[in-house]
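Labels run A, B, C and D following the written order; every chain starts at residue 1.
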Amino acid sequence: MTTVFTRDQIAARIAADIPEGSFVNLGIGAPTLVANYLPTDLEIILHTENGMLGMGASPAVDQVDPDLINAGKQAVSEQPGAAYFHHADSFAMMRGGHLDVCVLGAFQVAQNGDLANWSTGAPGSIPAIGGAMDLAIGAKSVYVMTDLLTKQGESKLVESCSYPLTGVGCVSRVYTDYAIFDVQAGTFAVTELFGDNTFDEIVALTGLALIDGTAGKGDAR
Amino acid sequence: MIDKSVPNLSQAVAGIPDGATVMIGGFGRAGQPVELIDALIAQGARDLTIVNNNAGNGDTGLAALLANGRVRKIICSFPRQSDSWVFDGLYREGKIELELVPQGNLAERIRAAGAGVGAFFSPTAVGTELAEGKESRVIDGRTYLLEYPIKADFALISAYKADRWGNVIYRKTARNFGPIMATAAKTTIVQVDELVELGTLDPESVVTPGIFVDRVVVVGERRWLNNGEFVGGVDLEGRPLTASEGGDR
Amino acid sequence: MTTVFTRDQIAARIAADIPEGSFVNLGIGAPTLVANYLPTDLEIILHTENGMLGMGASPAVDQVDPDLINAGKQAVSEQPGAAYFHHADSFAMMRGGHLDVCVLGAFQVAQNGDLANWSTGAPGSIPAIGGAMDLAIGAKSVYVMTDLLTKQGESKLVESCSYPLTGVGCVSRVYTDYAIFDVQAGTFAVTELFGDNTFDEIVALTGLALIDGTAGKGDAR
Amino acid sequence: MIDKSVPNLSQAVAGIPDGATVMIGGFGRAGQPVELIDALIAQGARDLTIVNNNAGNGDTGLAALLANGRVRKIICSFPRQSDSWVFDGLYREGKIELELVPQGNLAERIRAAGAGVGAFFSPTAVGTELAEGKESRVIDGRTYLLEYPIKADFALISAYKADRWGNVIYRKTARNFGPIMATAAKTTIVQVDELVELGTLDPESVVTPGIFVDRVVVVGERRWLNNGEFVGGVDLEGRPLTASEGGDR
C-alpha cells in the first residue's frame, strides 16, 4: 500500500536531518512546522529574516508580544543566546552564504534544481516574493518541503519549471510526502522511500527519469 | 541645545508634500508607525510613493493610507497577505502601481542609498522574471544583477526609545527596516514609546545614531508594555485579550 | 604689518563657523585642534571614523582608555549621547553624505576645489591615505585648515594641484593663517582677511586671480 | 551543545596554512588581537596576506608578525605612522607588497564580501591615482568606481565578551573592523576578555551574532579594566602608568 506522509511527518523527517549547531531558516507556511520536530536536546539556531537569530517556539496566548514575530507574522519567542539585527544585516547573513539550511515550499522543482514557489503566473494574481529569492540563492543547502503531487495529481517535480522561477539550480534536496530526492547533476536521485513505496512507483508518479539512490539499492549492487 | 523632539504628531509629519517618496518602517504590523501614518492621513499629502516591506494589513495604518487614496505607487516585497484586502482591491482596479522587489534587494538597496553606494551587483533574482531589463555580470564565476539605491524624501519609523539628540533603540523584531530607512531619507521622523534623558541610552547599544534622525515624537507605551516590562495579554494586533484568552476583557 | 594666525587661532576661527547641532569630523593632525575651541555651551557632535559619534575631549592622563581613541590614535573621551558603531557603518555615514562638516589638512588646494593632502608623490615615500578620500567626497562641507605658504614660501593655494589628488572639486572653504577663502565656480574668493592683511597682499602671496569677497569690499560697492 | 570556545591560543589559530589571507581587526592598537597574533607567530604560518587598517605599531602584535617575515602582502589604508618602523623598513627593502585602499573602500569591500555583494560602485577616489585601472561609471550625474569584495580565509578579532554560541560584544572604539571582518572570513577566531553564560548578553545589543564566529578564546581582562569597570592608570599601549603619572608604578 502506498505510504503518504502527512505534513507533520515530512516536517519531522526534515528535522531529523538537521545537525546540531546549524543555522536554519524555515520559510513561511508548511516549513514552519519543522520547528516543532527539532530535537529539544540539540541546539539548532533558527533565523528569521525579519531580524533575529535564536528564535523560539510560539508563546502561550497571553505571552504574545506583537514586537516579536517570525517571517510569517506569527508570534514567536526568544531563546537564550538570541540576537536582533536590522533587515540589511539579516539579508546579508542570507545572501552572504552564512545560513546552513533553509526549508522552502514549492509549486515546482526542476531536475536541475530550479525552484518555482512564488507565482503561478496566473493572470490577475497579485505577485508577492518576500525573501524567497534571497533564501534560494543564499543558504548553503536549500531543502524543499512539498507534496509530490498537486491537487490535480500532477508531479511537482518536473523536467523544467513552467511557473516563474524563484531561483536557478538552487535546490539541494526535496522532501515530499512519498520520498526524499536529491538533486544530482541534472537528475533527481531518490534517496529514501517512505513506508513500502517503491522506486518504480515514484518513477510512475513523477514521469521522470530518476536515479535510484536508496540505501537498499546501493546495498543490492 | 539640540532637541529633535516635536510636541505632537501633526508637527512630526509637517511639510510632507504631495508626490513625496516616503519610506515606512515595519514588517507586517511589527514596527509599523501607525500613529505617524494616521497623522500623515490627517495631514493630507497625496500622490505618494511608499516604500515598505508589505502593502498594509487590515484596515489600519498603511492600509488606511492606501484606502484614503493617497498612494500612487508602492515599492515592496510582499504585498499579498491574508489581511491585505485594501491593497488587493486597489491593485485589481488598477488604482495603484506596484514595484515588486525581493526583500533582500529591498533592504540592500535602501542601505546603499544611505551609504553612498551608487549601485551594486546582487546575487538575488538571477534567471527569474524579476531580472528582466537588469544589467547582469559574471563576477568570479557567479552571475549578479545590477541594483540601484532606493532613496526617499521622508522616512516614518516606529522605535522604542530615543533621546533629544535622536539616538534611537528598537525593541525585538520591530527593529526590521527602521535603522536602514533612517539612513536613506532626507528627513527621518521617528515615533517612540518614550523619550529618555540624554546619556541614558548605552552608547554601545544605540542602533540608530542621531545623525540619521530629524524629528522624534512620543506616542506613549504600547498596550503590551508597562514601564518597559512586557506584560502580555494582547493579540498580534496589540488588542487586549478577552477573558477567555487569559486577558482582562 | 602682516598678520599670521597661529594654528590655534585658525582652529578657533574655524570653530566659530560651526553651528550648533552640526555633525563634524576633524581630520588627524592640526584640524584636531578645532575641538579645543568649540563653544562649550553649544552642542556640536564630533564623529571619529574609527566608530564613534559624540567624541569628547582628551582625558586626564590617568583616565586614558586604550579602547577609546580618535582617528589619530589619541586618547579621547565619551560625551553623554555618544554612540559606537563599526567601520562600515562609520564610513557609510561619511560616504552617504550625512556629516555636515569635515576639516582636513592640505598640501595643496586648487581653485576648482581639488584637494591634495595625502602624498607629495616623492619617490620612496610610503603612501598612506586613511579616510581622507572618503571624507573629501562625503562631507556636505569640506573645510581645509592649512598654512597659506609652504616652508619654502610657495602658495598652497594653486591653479591646479601638482601633488596626487585626494578628491576632485571637493573643498568648500580654506582657512589659512592669513585669510579665509571660499571656492566659488573655479576661483578662490577671499571672504575674510585676518588683522590688517589686505586683498592685494593675498593676491601677491598666492599669485592667483582672486575674488575679493570680504564684507568691507562688499559694503564699499 | 554548541560550544565554540577553545581552551588555548594555539588551538585558536590551529590550521592557518601558509599562503592564507588573514584579516586582523583593530585600528592602530585599539581592538588589535595581540594575543592571537602572537599565537600565529608561534604557529608558524608564512607567506600570509594580511588585511588590516594599518601596518603595525611599535614592535608588538602585527608589527612582530611582519618582523618575523611571515607576511607577503598587506592590504591596508594607513601603513605610515609614527611607530610603523617595522613596516617602513620592510617596504623600503622591497620585502613586502602593499595594496593601499582608502579606509572607506576597505570597510565597504569587507562588508560586501560578507553580504554576498558581487561588486559595488563607490564614490571614493574618483579622479585620483588610486582610480587607475578601475572601471568608472556615471550614475545619476555622479562618477563612481567599481570596487570588489575583500574576502579572507581567517579573521582574527579582539572583542570584549562572548558566549559559547559565539555571540560577541565589543568595547568602545575597539569595535572598529571586528564586526565586518567576522562576516568576510571563512573561519573567524575571536579573543575575548571574558566568556559569559549563554543568555547573559542582551539580544538587543549583540554586535556580532554567533553565525559569524567559529572559535572563541579567553585571554583575560586588559590592564585598564577590573571586573568590567574601567580603572584607568594605563598609557595608550595599555602599560600601567608610572607613579609620577598618577599610576601604581
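Assorted remarks:
To be clear about the criterion, contacts are C-beta pairs under 8 Å (C-beta built on N, C-alpha and C of every residue); 3 or more make two chains touch, one makes a residue touch a chain.
For clarity, every value in this text was computed on a predicted model and none was experimentally measured.
If you take chain B and chain C together, the chains in touch with both are D.
In terms of C-beta pairs in contact, the better-connected of the chain pairs A-D and A-B is A-B.
For the pair chain A and chain D, the distance between C-alpha centroids works out to 37 Å. Distance from the chain B centre to the chain D centre is 34 Å, each centre being the mean of its Cα atoms. Annotation: 29 Å between the Cα-based centres of chain A and chain B. Note on chain placement: the centre of chain A and the centre of chain C lie 56 Å apart, centres being C-alpha means.
In chain B, the positions touching at least two other chains are 108, 111, 115-117, 122-123, 170-172, 203-204, 207. With touch defined as above, residues shared between interfaces to two or more other chains in chain A number as follows: 52, 78, 84-85, 88, 91-92, 94-95, 138. Contact between chains, using the touch rule, shows up for A-B, A-D, B-C, B-D, C-D. For chain C in complex with chain D, the residues that touch the partner chain are 48-52, 60-70, 73-75, 78, 84-88, 90-92, 94-95, 114, 124, 126-134, 137-138, 164-168.
The part of chain C that touches chain B in the complex is made up of residues 20-21, 23, 43, 45, 47, 52-54, 78, 80-85, 88, 91-99, 138.
Across the complex, chain D is touched by residues 108, 112, 115-123, 137, 139-140, 142, 144, 148, 169-172, 202-205, 207 of chain B.
Across the complex, chain D meets chain A through its residues 1-2, 111, 113-117, 163, 165, 167, 183, 198-199, 201, 203-204, 206, 209-212.
The touching residues of chain B, when paired with chain A in their complex, are 27-31, 53, 57, 77-81, 87-88, 91-92, 98, 100-108, 110-111, 122-130, 170-180, 207, 222, 224, 230, 232-238, 241, 245-247.
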